[in-house]
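Listed next: structures, encoded as C-alpha cells.
Next come two complexes built around chain A: one with chain B, the other with chain C.
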Partner chain A sequence: MNKKIIAFPHLANYHVPIEYLLKHLIDCEVMKVPPITKRTIDLGSKYSPEFVCMPFKYNLGNFIEALELGANVLMQAGGGCRYGYYAEVQKQILEDLGYNFEFYALVESDKIAIMTIYKVLKSLNPKLKMFKYLYYLAITFKMIHYMDKIDVYIRKNIGFEVISNSFDNLLKEMLKEFSKTKGFFHLAKIYRKYFRLFRKIEINKPKKVLKIGIIGELYDIMEPFSNHNLEKMLAKMNVEINRYTNVTYLVITKRFKIKKMLKTCGKYCKYPIGADGMDNVANAITLALEGYDGLIHIKPFGCTPEIGAMHILNKVSEDYKIPILYFTFDAQTSIEGIRTRLEAFYDMIKMRRSK
Partner chain B sequence: MEREAIAVGIPKALLYYNYHVLWEHFFYVLGIDLVYSKASDKEILENGKSYAIDEACLALKMYLGHVYYLLDKVDYILVPRIVSLRKHEKTCTNFYALYDIVNNLFKTKIIHYNIDADSHINERKAFIKMGKELGFSRTTSAYAYKKAKRVAKRNARHRLIKQSKLLESPKMKILLAGHPYNLHDNLIGGPIVNILNKLDIEIIYSDIYDDNEGKDKYKSITPHLYWTYNQDIINAILYYQDKIDGVIMVTSFPCGPDSLTNEMCIRKINKPIINLIIDELSSEVGLETRIESFVDIIKARLNHE
Partner chain C sequence: MIKECYLGIDVGSISTKGVIIDKNNKIIHSSYLWTEGNPMEAVKRVINNLENDLECTNIAIMGVGVTGSARRLIGSMVGANMVKNEITAHAVGTLSIFPDVKTIIEIGGQDSKIIILEDGIVNDYAMNTLCAAGTGAFLTSQGKRLGIPIEKFGEIALNSSQPVGIAARCTVFAESDLVHKMQAGYKREDIIAGLCDAVVNNYLNNVARGKKIKPPIVFQGGVSKNKGVIKSFERALNEKIYVDKQGHLMGALGIAILSKNNSLGKLFSFKITTEHFETKGHTCPRCPNHCELISIYKNNMLIDKWGNRCDRGLE
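Presenting the complex of A and B:
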C-alpha cells in the first residue's frame, strides 16, 4: 500500500501545531500544503457551488492543490453554521473530480469533539494509546495558546516597529522552534525566551494612539490572505489593533463565556444568534466601552450569522457612538478598494479623536 | 377578571407557512384576535429592503417588510425563534437571530417562543411559556397547544391526501422543492407557479409528504445533514422521486443551507433537476424561458422513452 500523506486546509499559522500533533501520533507523512495564492481561490471558486461562503472555496482550493501534489488523506474540521457541513460536500465534489483519497471529518453533530478526533487518528494508527493522544493534544493546545498570546502582543505593537519586518521575522523563527518542541517544559521555555525577545524589539509608540478593534467571521479574520492583509495595512497607519477571535477562544474559552457575553449584550441580544454573531455584538460593546476609536467588521460574502449580527451592530454603533466599517470579501474584492476605504475610515476616526 | 382584548400580528412570511395552522388554533383557543399581514407585494418588499442589510436573504427582507406592515395595526407581533426541533439538528441561523433582529430594528412589543431541543426546550414547553407570558395559566396553554397540534396534524393529513390524488393525473408532474416560505410566497414562488400552470403542468409541493414513510430518507444521500428544514426538502424529493417527471428547486438568494444541499441534490439525484435562484431583481421573462426549456427537455425525454 502507498504511504499515507495527510493534508489539511490552511488557517493562518495554525498549521504548525496541527502538524506537530499529527506527526507525533501517526507515522504518516504530513504534507505542507502550498500557501494560498490567487490560483487556490480560482480553483476553489471554479468547482464550488455558486453562492457558498468564501472559506469553503479557499478550503476546496487547498485540497485540490494538495491532491495534485500527491496527498491522499484529507482532514476537515467543522463549526456552528455552514462550516459543519463543508466536509460532506467537499468530499463529494472532489470525488466527482476523479481524485483518489480518504476523507476524514473531525466533526460530530457539527461540534469538534475530542473523542471524534481520537477515533479518526486511531483508524489511521491502530497502535495509538489514549494517554499518548491526550498528552500531545494538551501540548498542542498549549502551543496554540502561547501563539495566540504572542499574537496579541504583536498586534498591539507591530504598527510602531522601528526596523520594518522585525516582528514578522522573529515570529517565523519562533514557529520554527515551536515545531521542534520536546515537551511541556521545553515549550514553556521557548515561549518565555521569545516573549522576552519580542519585548526587546525596538518600538516607537506614542502615548496616545488610535485604537481599532476587529470583529467578524472567524476564517476571514484569522487568515491574512483572505482579508488581503488588512491587519498589516492598518499597522502601517500606526494603529493599535485588538481582536478577540482566535483558536484558543473558539475551541476552549468560548463555551465558558457565553453567559457573560449575553449579559454584556443586554437588550441587544436576548439569545445567541448563531455561530459567532452574539460574540461579535458583545465584543463590539466591550471594545466601545474600553474607549476604542473604531471597529472593523469582516465577513465573507453570504455569511448568514454575521448578516444577522450586522442588523444589531448598526444599532450598537448608533447607541455607543462608535463607528463601524463593514468589509465583505469575495473572490473579486480588489485590494485598492479596501485600501481606499480603510484610509477614509482612518482619517475619519482621526478627526473624531482630535475633536 | 376581564381580560383586555389584545391583537397579535402574524407576518405572512418565513415560518408562517410551516406553522400557520398551529398558531391560528392556539390563539383561537386562547381567545386572542389575530391580524395577518397582506400577501407579499412590491411595497412590502421595498419596505423590507430599506430595513434589512443588503446582503440578507430575500426571504428575510420580505419578512421585515411584513413586520413593518403590521407595526401600527397590532399590540404584539409573533416572532418565533427556532434553533433545533430535534436533538443534534439545527435550522438556518436566520431563525436563531430573528427575534433579536426584529427587536433591534423595530420599536414594537414582541411575543415569542423559543424552541431549542439541544437545551431541552421542546415545542410544547415553548408554547406553554408563551401562553404564560400572555397571562394564561399553564393548563389553559397546554390545552390550547394540544388542540392546535391536533388540528395541525389533521390539516397536514388532508393536504397529503389532496396531493396524492394529483399524482395520479395523466398530466406532466413537476415537484417544486424548496422552503415553504419560498414556494408559497407571492413574489418568490408565485411567478413560477403561474408559469407552470400556464404550461398545464401538475405541481407537487415538497412541503407535503408522508412523514412516517419519508422520514430519514435523506440519509441515503447525505448522512450528516443537520438542517431540519433541508432534510424535509430532500426527504420530499426522494419520496416523490419515482412518481414525478422533474424537480424544480426554488431558492432565494443567497440562502446559506440551500447553497450546499442543492449542490448535493444536483450531484446525486437521478432525475431532471433545475435550480432556480430568485432575487429581488429576477425577471419573470427570464424565469419563463428557463422553465419552458426545462419542460421541453423533459417532454423530449418522455417521448424518447
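Presenting the complex of A and C:
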C-alpha cells in the first residue's frame, strides 16, 4: 500500500498541536487540510443530510477536500450529542461517494478516552510504546493549554490594538514555533517568550470598556469561519471578549467542574442537559455576576442541547438583567443580517451602560 | 440667518425615506418613495424632492445620517457622518416623539422587528430572520391576488365582522389556505381581515416570541398605515396601539438625530443629485471563498470598496 497520509477536520488553530502529536507518534505524513472556505461548506452541505447540524457539514467538507488531495487515513472525534455519531455517518457517506480510505473514530461511548486514542495510534504504528505516547500526549495538552491561555489575553485586548493585525500576526508566528517544539522545556520557553511579546503589543485600552461574554455550541464558537469572524467583528467595536469554552476546558477541566457548575446553576438547571447545555447556563450566570454587559449565544441550526439551554437562558437573562443575543448559524454565508443585529446589540449595551 | 438642519435617510428594501430636521428634532420636510430595486437612484430622487421643497428657505445641512439595509452603500455615496443600523435608529426616532414608549412594533416591507425599551433605553430587540410571512411584502402579494390595491386593504378589513382563520406560520401555507377560503366562497372583507390577523399572529409567534409586550405600544413601519392590521393588533394584545402620522419616517428621523448628536458634522451639498455614481461588482478569484467585492465609483473615481473576508485587503 502507498504511504499513509492522515487528515483530520479543522477547528480554529488546533490543527497545530494535533499535527504535532501525530507526527511524533506515527510514521506517516500528516496532511495540511486546506483552510475552510466557501467551497468546503458547499461540498459538505451537498453530501450531508439536510437537517444535520452545521459542524457535520464543515467536517465532511474538510474530509472531501483532504481526500481529493490524496489523504487516505481520516480521523474524527466525538462528543455527548449528535457529535457522537459524526464518525460513523461520515464514514458511510464518504464510502458511498467512492473514496478509498481508512477511518478512525477517536471516541468510544461519549468521552475522548486516553486508551482509545492509544489503541487507534497503535494500530497505525505497531511499534508505538505507551511511554512515548503519554509523553507526547502530555506535551500536546500542554501546548493546547498554552494556546488557550494566550487566546484569553488576545480576546481581552485585540479590540484595542493600535496597529491592526499585530495580534494576529504574532499569533501566527507563535503557532509556527509551537509546531517545532522539541520538548517540555522548549515549549515552556516559547510560551514565556510570546507571553512577553504579546504584552508588549501596543494597546489603547480605556479603563472602563464594554465586556461581552460568548457562550454556545463548541464548534460554532471556536471555529471563526463558521461564525463569520464574530469575535473579530466585536473586537472592531472596541469590546473586551471572554469565553470559557476552549479545548482545554472541553477535554481536561470540564470533568472536574461539573459539580461546581451545577451548584452555580442552582434552580435554573439541575442536571446536565447534554453536551455543553448546562455549562453554558452556568457560564452565563458566572459572567452576569462578573459584571459583563451582555452575552452572545451561538448555536448551529438544530443543536438540541443548546435549544434546551436557550429557554433557561431566557430566564437567566431576565433575573440577572443581562441581555443575551442569540445567533443560529447554518451553511448560509450572508453576513449583513448578523452585522445589523450585532451593531444593534452593541448600541443597546452601550446605552444601558451609560444609564 | 442660516438655519442649521440635518438630513436623515432610511433606505429600505421597498421604500426610501428622507427627512430634514431642525435643531429641535422637528421634521421640516420629508419625502417617501419606492426604492424600486435601485437604492442609489431612489436616494437621488429623495434628495431632489427635499431640495425642491426647500428652495426658498435659507438652511444649511450640517450632517447626514443613513440607515436601512442599503446604509453602507448610500453612506459612502452621500458622505454620511453617521451610518447606523435600523434598530437603533428606530428606537431613537420613536423616543423623540413618544418619550415613555415601552414597546415598538415595526413591520416593514421585507422584515419586522420588536424593540423593548425601559426608561428610554433599548432593553431587548428581535428581528425576523426566517420568513417574510409577517411583513408588508406578504400583504402586497396577497392583495394582488385578490385584485385589491394595498392602500385600500385596511378600509376593507374594517368592514369585516368575522375574520376567517388563515394559517399564519408560513407564507406558502397562508397562500394555499387563502386560495381555499376564496374558492369556498367566504366574503372578501372577511378574508382580508383574516390576512391582517395572520400577519399579526405570525408576528407575535415569531418575532415577538418570549418578549414581554408592555404598554405604551407604538406601531410603525409601512404596514402601520394599514388600519386592518392595527385593529388586529388591538384585538390580539388588548391594548391601545399608538400609530403616529409620521410612523413610516421614524428610522429616518432617528438617524437624523443621531447625525446631529455626532460631533463630527460635515456640510452636505445637494449637488450630489447631479453627480454620476456607479457600482461594480466582481468576484475575487484568489481563493475558493469567492468573496463578492463591490466598488463604488463617483464620477469614475473609486470612493469605496468592500466585501472581502480575508486580511488581504482590497486592491
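One rule holds for everything that comes next: the second predicted complex is superposed on the first by the 354 of 355 C-alpha atoms of A that agree within 3 Å, B and C clash if a C-alpha of one lies under 4 Å from a C-alpha of the other, contacts with A are read in each partner's own complex, and residues count from 1 in each chain.
Assume a residue touches a chain if its C-beta (ideal position, glycine included) is under 8 Å from a C-beta of that chain, and two chains touch if they have at least 3 such contacts.
What you see is a predicted model, and the numbers here were worked out from it, not measured in a lab.
**Student:** Check chain A with both chain B and chain C modelled on it and let me know: fit or clash.
**Tutor:** Overlaying the two structures gives chain B and chain C room side by side.
**Student:** For A:Gly84, is the partner it touches chain B (first), chain C (second), both, or none of the two (neither)?
**Tutor:** first
**Student:** Name the contact category of A:Met348: first (chain B only), second (chain C only), both, or neither.
**Tutor:** So A:Met348 only meets chain C here.
**Student:** Chain A residues in contact: does chain B have more, or chain C?
**Tutor:** B
**Student:** Go through the superposed model and pick first if A:Lys211 touches only chain B, second if only chain C, both, or neither.
**Tutor:** Neither chain B nor chain C is touched by A:Lys211.
**Student:** Could you tell me if A:Thr37 is touching chain B, chain C, both of them or neither one (first, second, both, neither)?
**Tutor:** So A:Thr37 only meets chain C here.
**Student:** With chain A as the corner point, what is the angle to chain B and chain C based on their C-alpha centres after superposing, as a multiple of 10 degrees?
**Tutor:** The C-alpha centres give an angle of about 80 degrees at chain A.
**Student:** Chain B to chain C: minimum CA distance in the overlay, Å?
**Tutor:** Chain B and chain C, overlaid via chain A, are at closest 6 Å apart by C-alpha.
**Student:** What is the shared patch of chain A, the residues that chain B and chain C both contact?
**Tutor:** Residues 314, 328 of chain A touch both chain B and chain C.
**Student:** Per the contact definition, I'd like the list of chain A residues that touch chain B in the complex.
**Tutor:** Residue positions touching the partner: 49-53, 56, 80-82, 84-89, 92-93, 96, 105, 107, 109-110, 267-275, 277, 301-302, 304-305, 307-312, 314-315, 328.
**Student:** Please output the residues of chain B touching chain A within their complex, sorted ascending.
**Tutor:** On the chain B side, the touching residues are 52-53, 55-57, 81, 88, 90, 92-94, 96-97, 99-101, 103-105, 114, 222-227, 253-254, 256-257, 259-260, 262-264, 267-268, 277.
**Student:** Give every residue of chain C touching chain A within the complex, in rising order.
**Tutor:** 69, 84-88, 119, 121-125, 127, 129, 210, 287-290, 309, 311
**Student:** Can you list the chain A residues touching chain C in their complex?
**Tutor:** Going through chain A, the ones touching chain C are 37-40, 165, 168, 228-229, 314, 323, 328, 335-337, 339-341, 343-344, 347-348, 351-352, 355.
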